[in-house]
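There are two complexes below, and they share chain A, which is joined by chain B in the first and by chain C in the second.
Presenting the complex of A and B:
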């Protein structure tokens, strides 16, 4: 859909005649160019996963340029899009969580943190001198008072929703199709963290096209029963094992498709 | 033989006044006080005397030293009346704001934390000791003692104010675990009566508030109907 800004897209403090703020939409485009980032609310925790294309070249240390960050003991975030902007949102999230703990003596409820990040991001969409954030932030949090975990996503407009599963970045459309197949809604069987590792690795490898996409590394962060609800990076060994399992399952599925074709002949 | 001459600094320390009144500015009003709060399974009972004094003059003999900070969170005030009123106003404001933002009842721990930050951060300019007690969905009933210096301690029951010095032995002996609301009520009234009998800065009536999930029940016991006293 080609949208001509013509004159109403120079500043985020200007509405277009049909009620759009083009700068915010352009910021969303920046997010669409970023590496695919996924999040799942599992029955026993939350998993955040980011595809990290190795764009910095062979001389860059693969583990650097992190996209998954801890915000506080019980909250973490994964960013995609314009990564330096994402870092800013993460920094603010850390301040909000620490400030809340300092003022009120309790960990910040994830719903409150998500809304605060939303307000912060939104502020940059109505200031003439500032540009909107070109990053979306997936946020995982555990509410220690209500004993409930939740996944949220804040987009460049400052809107935040709670999700059963979320995707942002390049491959989000296809990823959403795959995520929607999972039984994550209330009443569904749910997905465990352990299974979630493989599912997310599978989605990322499924979306990868040799030749079109740069080789990538997967970064994962989680929180759940097994971590005492504290957010941390998924150990490298488990990420690798999940990728191996994911690739194997993808090959098996391709094999099944081939068998089907042969039988039809 | 002890010297009859006391150097100037020592002379100022002991001139017959109580610890409460010594630190007050001239003319400042104290709630020389007895306050108390006790937890039971399902809530708390808060109690206080009603005397507000300025030196030997009783400014108000029926004052209300128990303040509501939020729907199910209350606070007993002791020390400078002005300081404690200012503190409770601020904490009430913050609790109201945060409960609207989070969409849930604030916890008693949160109220105590806010109080402690204010008292500790301004300890040079304040003379305030409070007992924060109430009910919240996370912990049920809980009681916190926030002292003059800004320390905050959670306890099953606690006493405070100038009159509390006289009843430490009594409350230690009388307190039993597993008391119900009525037993706690009687315990509070007995203890505060004894303090009022011995502390010149405590007197008047005993006001109590019983806080549970279902509501708050305010009550008072008249000065001539106290369980103990002249």
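Presenting the complex of A and C:
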């Protein structure tokens, strides 16, 4: 098995002998190196958040280098992986949304937008002259006709699914484990946007390791009943409050674990 | 074999033995990657499609995971292979079918669409810059002149009409199973057609199914609409099959 690539991994237009396209798999690895990005479909809206490591230290203007973007009034996206690639996908998303509104006179339904982004990203996995995008895009959208909100994720292969909750980037597996515990499936109690803010902040802080990871800032975007379903950045004050609450809950939980250990003695 | 290895990279180049390795690898990607098997059966006035439904991740909304797609009112397809390639293929199928209807004012026959898509797929096998799509399509419809139609179009641009067809991981076993019943299929009623497809999949995978683990779709009659069966309808067929075995 040519699992190391060895010659079959040089272009998107080459299959390996066991039927894999290595360039697409490598692009997925680029995403795994990116900052943790999470999304939840809450009962009253959708929350997207991204971990932004403070690479430029104190010299960077805090609001720059955004990872959470609005695509149109009723759609937003968070990207992770190779960020310049992510910017291209976001730019395309904005074009698609604007073009749809122009052609059909209605906001683009999220399922259509996800499909369009998927097929755009997929195109770059077909040509030898191009390389796949090294970015995954979480997309939040509201369908104004069906009155239904949905969360989608497009990966570097161009595949997109609808999600109850999604995670991409570093620490994705642990984040998914936490997200799977939430009652998001049909019939479950669901999670409110307000609670979602704290849950996502908690996951990001849980994944952070002192000394290994750079200090980070959390960027959050949302849409929901409280925003009239328009996608916008979560106000700084609410993000900070959520982080404070998240840290408190994490400390309390650690305290409980410690208590358990003491009792064993 | 080692002499051939220089030719694997570029599909425009034949190996000294006259093989096109990239296409063979594309087939492998289409049948082996998803791990799923799909079956289609043609009856007297119905064509039925059956495939396994496997949701890759608990966080994914199950209704967004599907391999069965409607191409036009009376035509549908079952895709096997790499997810994004399958969706690209479906997009093209829908476009071609709609374009035909726009130009000629009539629904696109499955035979015409199959040939068109096969021709498009062939282009990728003869160009250096684009790779073949790792997807196999099974197109179904009931033609008003020729009756039920089932066409299988693959990565290389082959297309053939079938009385029954299978594709995916257990393609060979499924085809063997279907060949034994091929002679009777022309008389199958709607229910018999659907059940024959389900039974084939069950015997090849060696397991019993619940309604939620299968995707089933069919189109019946000349004016029939292509439609996906609900979980209850699938359960109904599964129960009927179990009763007739017992």
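In the analysis below, the second predicted complex is superposed on the first by the 262 of 265 C-alpha atoms of A that agree within 3 Å, B and C clash if a C-alpha of one lies under 4 Å from a C-alpha of the other, contacts with A are read in each partner's own complex, and residues count from 1 in each chain.
Going forward, a residue touches a chain if its C-beta (ideal position, glycine included) is under 8 Å from a C-beta of that chain, and two chains touch if they have at least 3 such contacts.
For clarity, every value in this text was computed on a predicted model and none was experimentally measured.
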Determine, for the superposed arrangement built on chain A, whether chain B and chain C clash or fit. fit
Which of chain B and chain C A:165 touches, first, second, both or neither: second
Can you tell me whether chain B or chain C touches more residues on chain A? C
On the A-aligned overlay, A:33 touches which partner chain: chain B = first, chain C = second, or both, or neither? neither
Taking the C-alpha centre of chain A as the vertex, compute the angle to the C-alpha centres of chain B and chain C, in steps of 10 degrees. 60
For A:173, using the defined touch cut-off, is the partner it touches chain B, chain C, both, or neither? Pick first, second, both or neither. neither
After the superposition on A, what does A:105 contact: first (chain B), second (chain C), both or neither? first
Between chain B and chain C, what minimal C-alpha to C-alpha distance in angstrom results from the superposition? 6
Residue overlap on chain A between the chain B contact set and the chain C contact set? 115
Complex contact set, residues of chain B against chain A: 94, 98, 101-104, 107, 109-110, 112-114, 117, 137-138
Going by the contact rule at the top, pick out the chain A residues touching chain B in the complex. 102-106, 109, 111-112, 115, 145-146
Complex contact set, residues of chain A against chain C: 7-8, 10, 12-21, 115, 118-119, 121-123, 125-129, 150, 152, 157-159, 161-166, 176, 179-180, 184
Under the stated contact criterion, what part of chain C meets chain A in this complex? 8-9, 11, 21-22, 25-33, 56-61, 63-65, 82-85, 87-88, 91, 128-134
